[in-house]
Amino acid sequence: MNDVQYKSELKKGLLKLKKHKPALVGFIILVVLYVVCIFAEFVAPYHYDNESRSNSYNPPSRIHFFDKEDNFHIFPFVYDYGYEFDAYYNRVFVEKKDRRFPLKLFVRGDPYKLFGFIPYDRHLFGVEKEGRFYLIGADGRGRDLFSRIVYGSRVSLTVGLIGVFISTIIGVLVGGIAGFYGGKIDNVLMRICEMLMLVPSFYLLLALRAAFPPEISSVTIYLLIIFILSFIRWAGLARVIRGMTKSIREREFVLAAEALGQRNIIIIIKHIIPQTFSFLIVSVTLSIPYYILGESGLSLIGLGIQDPYASWGNLLSDAMNIADIRFHPWILIPGFFIFITVMAFNFLGDGLRDVFDPKSGK
Amino acid sequence: MTMALLEIKNLSVRFKTDDGIVNAVDDVSLEVNTGETVCLVGESGCGKSVTALSTMKLIPCPPGEISGGEILFEGKNILKMNNDEIRTIRGNDIAMIFQDPMTSLNPVYTCGYQIAEALRQHKNMTKKEAEEKAVSLLEQVKIPDPHVRVTEYPHQLSGGMRQRVMIAMALSCDPKLLVADEPTTALDVTVQAQILELLAEIKEQRSMAVLFITHDLGVVAEIADSVVVLYAGKIAERGRAVDIYENPKHPYTIGLLNSVPTLEKSNKELYVIPGTLPDPTDFTEGCRFYERCDRHTDKCRTQPEEFTISETQSAACFHIEKS
Amino acid sequence: MFNYTIRRLLTMFPLLLAMSFITFMFLQLAPGDILAPYKMNPQISEETIKEMEQKFHFDKPAVIQYLYWLKNIIRLDFGYSFSKRTSVANVIGSHLLNTLFLAMFSIFITWTVAIPIGIYCAVNQYKWSDKFFSFISYIGMSLPTFFLALLLLFLVSTIGELPLIGKLPIGGMKSVHYDDLGFFGKFFDIIKHLIVPGIVLATASLASLQRIMRGNMLEELGTKYVLTARAKGLPENRVIYIHALRNAINPLITIFGYEFSALLSGAALTEIITSWPGLGSVMLEAVRAQDLFLVMGNMLIGGVMLISGNLLADLLLAATDPRIKLS
């Protein structure tokens, strides 16, 4: 297809996509999540490391409009919390109703650097410094769970993008070369792919993680996780691309390019691979959840992102303590974020598939 | 006059599709008498298969819908029957064979099993009895080594043999009417001839009525007693075979006959009816053949009824030439 | 069939060889000493440590170590687990069965629920119930297994007693009083413990299997041979179950095999969260302790199960579809 045709196909496709309701919903959810991710420091009332041990497992702050004398205030407010012990020596949180902390927008709070270099200290919402506002509760060290979820989105949402980028590039190149040249190269490359696909992936994940000591910096772990997950995933893509390349290769425009003396690698990249784009768009979108789940799974069992950094997976590791979870169930909320994100990608991927690649799937 | 075996009266069938409502069959009436072969002729998409499927109430609803008419078989209206009643007729009094025997036979069961199914269902035979009858049926349709064939799977047989198996399956319960939906279209010409011969023999032996759907006028010439020509869901012309071939009156029928290549016309170009079928979701008012007809006038903007030409022939056209 | 099986089993070996080699090399990159816990123990003398080093060839280059490991494997000696102080074969053997139990239980749930629902949805296409099940399937497929596990455990811990089953346990495989129970008591105790991890594992595959079943059934119900069957006057039940289902379920047989093999390693995370003592839990502990031989042994068994599952799938397919000839 020449450029003009291709662009109009794209436009047609995008218009069709808008009609697909689930895909639209998924897209909007993802846009919101990624915007929050970019502006994490602003959206989160507190820094992810901001502890307050006396507020360990503080329940979500109740929002009031009426104070203890039943006076109405237009702007909602919260009280600070303290704890007492009940008859069974359990810790119970009680509101300290002596001082009201109104909820404000654009509050001054923990300082940070927007985009890494603009110093700023205002946050989207919050209360004055002397009070603590827990939108959905606190974790074991009194850190605001909502803030940590917002910061955690940075890890969980980017792992997928970077990982899928890497595995797609490798998979497409390997598949393209194998399909184009055929013969021995094809055989060898496909055997390697089969081998990789036959390895139990979670075990491999653990084993590769084991190759590195448990106490390495979280940044290294982050890169490592991406590397391992991409390493496992590219083989499946390569096989499909190889099959597609084999059939595209026989098409006339490819033979024409060869007859004109174009170099093989250019043919692969310029002519063959663009034909696979409709499949790739769908495949990429539907692959991202695997990375998110892979990272979350690892972090959940302690082999991924470590404290004090936050990822939705390691926020859930608190929940592994089942006996205690009854008393602070809000710890499970990061799981919903993972769920919603995965659903959103699945919705979007389904919509894209209906538009671009309707032959696959039902 | 004795009652016709099958009487289709003003049948209308339509389908709901994403692009709109398709009126596949519009006010179609025809009759099949005992022992008679009626050929229903027309291009692809003219509604002949839908008509055929309607005789046994096999149209899937939704998306299909029988929006009008009656189908009387031995006097009883099929369209009003409930599921149990219609099932005693299907495969038993009326049997159907389809175009492509490869996809019309279940690939995971043997031929013998599939033939025996109808027998066990309608005639209450035991497994053994039905199997023996299956072998004898295969003999009747002239399949060599029927004892072996009975244990084979459809993919192990050739196209012609598969069609014979289908015929055997259809004949198993001695139906009074055989509905054949383009049974020879998917076969090559020599096999086609054999199958037609077989059908003619069987018809004779059993005095079975046949409703034969086809688009191939050569086939019609060989086997038809009467012919009904369908165009875009409506009847264009009907008559005895000899009427249609020697004295066609509807422009469409004439066009069809002219399109058949013969040895005499070998020097000229092949004749083709200009234009294509109209969009089935958007039929215009009046005669549906209007766009492609060389005789159309303003009068043709209203739907022509079927005008009687003789006792046995009629055509739906305002411009029937007197011969 | 027999020849085909033998040939497939033979191709297993080079694959396992390659996989184990790659894994072994990767693990060798790990800094840290497998004998560290022993070295730090003052009761163990230097000579003992030197003996161990020689016995297990830790002083030799990586490739040589791999060859020694391989030699042992061929003699079915999986090596020694330093973290568990027993042979690797012992550790794996005792846990392998548990993982198999869990996998089979989960497959049982998946198939007995998904197939009927899939058929029902296909036969009742366009109705509300079909749309409802579609929606639920979607959620089931998107819900992360570990999250579902946590949610279920949370639910179990808060709701207390269930009518027939009593209190559902929140992890592990056996109750504290397991040994006091009679034979049936023991059996039901294990089943009770299987429920949560079984449901967790079953959910995702259930959801996707149901969709596939529905899709296949819809396709088969639209074929010409189903039309022929109806034209023969067969009752609708026969058309659905004897004709359509028989064809619709063929592709699913392959899925069954692959699902089995995927489950065996995919169950790992769920086992860890629900404290089910299977190979997954073993793998985690082995990795944490950097126990070389245990990790290798586990990987190998995992690979064998995966390949066997695939082979099983292909054999099943050939057995059920008369059109397929094994080449």
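A, B and C label the chains in the order they appear, each numbered from 1.
One rule holds for everything that comes next: a contact is a pair of C-beta atoms (placed from the backbone, for glycine too) under 8 Å apart; a residue touches a chain by one contact, two chains touch by 3 or more.
Please read these numbers as outputs of a predicted model, since none were measured by experiment.
Measuring from the average of all protein CA coordinates, the nearest chain centre is that of C. Relative to subunit A, the most remote chain by averaged C-alpha coordinates is B. For the pair subunit B and subunit C, the distance between mean C-alpha positions equals 54 Å. Inter-chain spacing, taken between the CA centroids of subunit A and subunit C, is 26 Å.
Separating the centre of subunit A from that of subunit B, both taken as means of CA atoms, is a distance of 60 Å.
Contact with two or more other chains is made by no residue of subunit A.
Taken together, the subunit C residues at the contact with subunit A in this complex read 15, 18-19, 23, 26-32, 138-139, 141-144, 146-147, 150-151, 153-154, 157-158, 170-171, 211-212, 215, 218, 264-266, 268-269, 272-273, 280, 283-284, 286-288, 290, 295, 298-299, 302-303, 305-307, 310. Of all residues in subunit C, only 126, 223-225, 227-236, 243, 246-247, 250, 321-323 touch subunit B in the complex they form.
Chain contact summary for the complex, subunit B toward subunit C: residues 53, 56, 58, 62, 83, 86-92, 95-96, 98, 100, 103-109, 117-118, 121-122, 153, 155, 166, 169. The touching residues of subunit A, when paired with subunit C in their complex, are 194-195, 198-204, 206-214, 289, 293, 296-297, 300-301, 303, 316, 319-320, 322-323, 325-326, 329, 332, 335-336, 338-339, 342-343, 346, 362.
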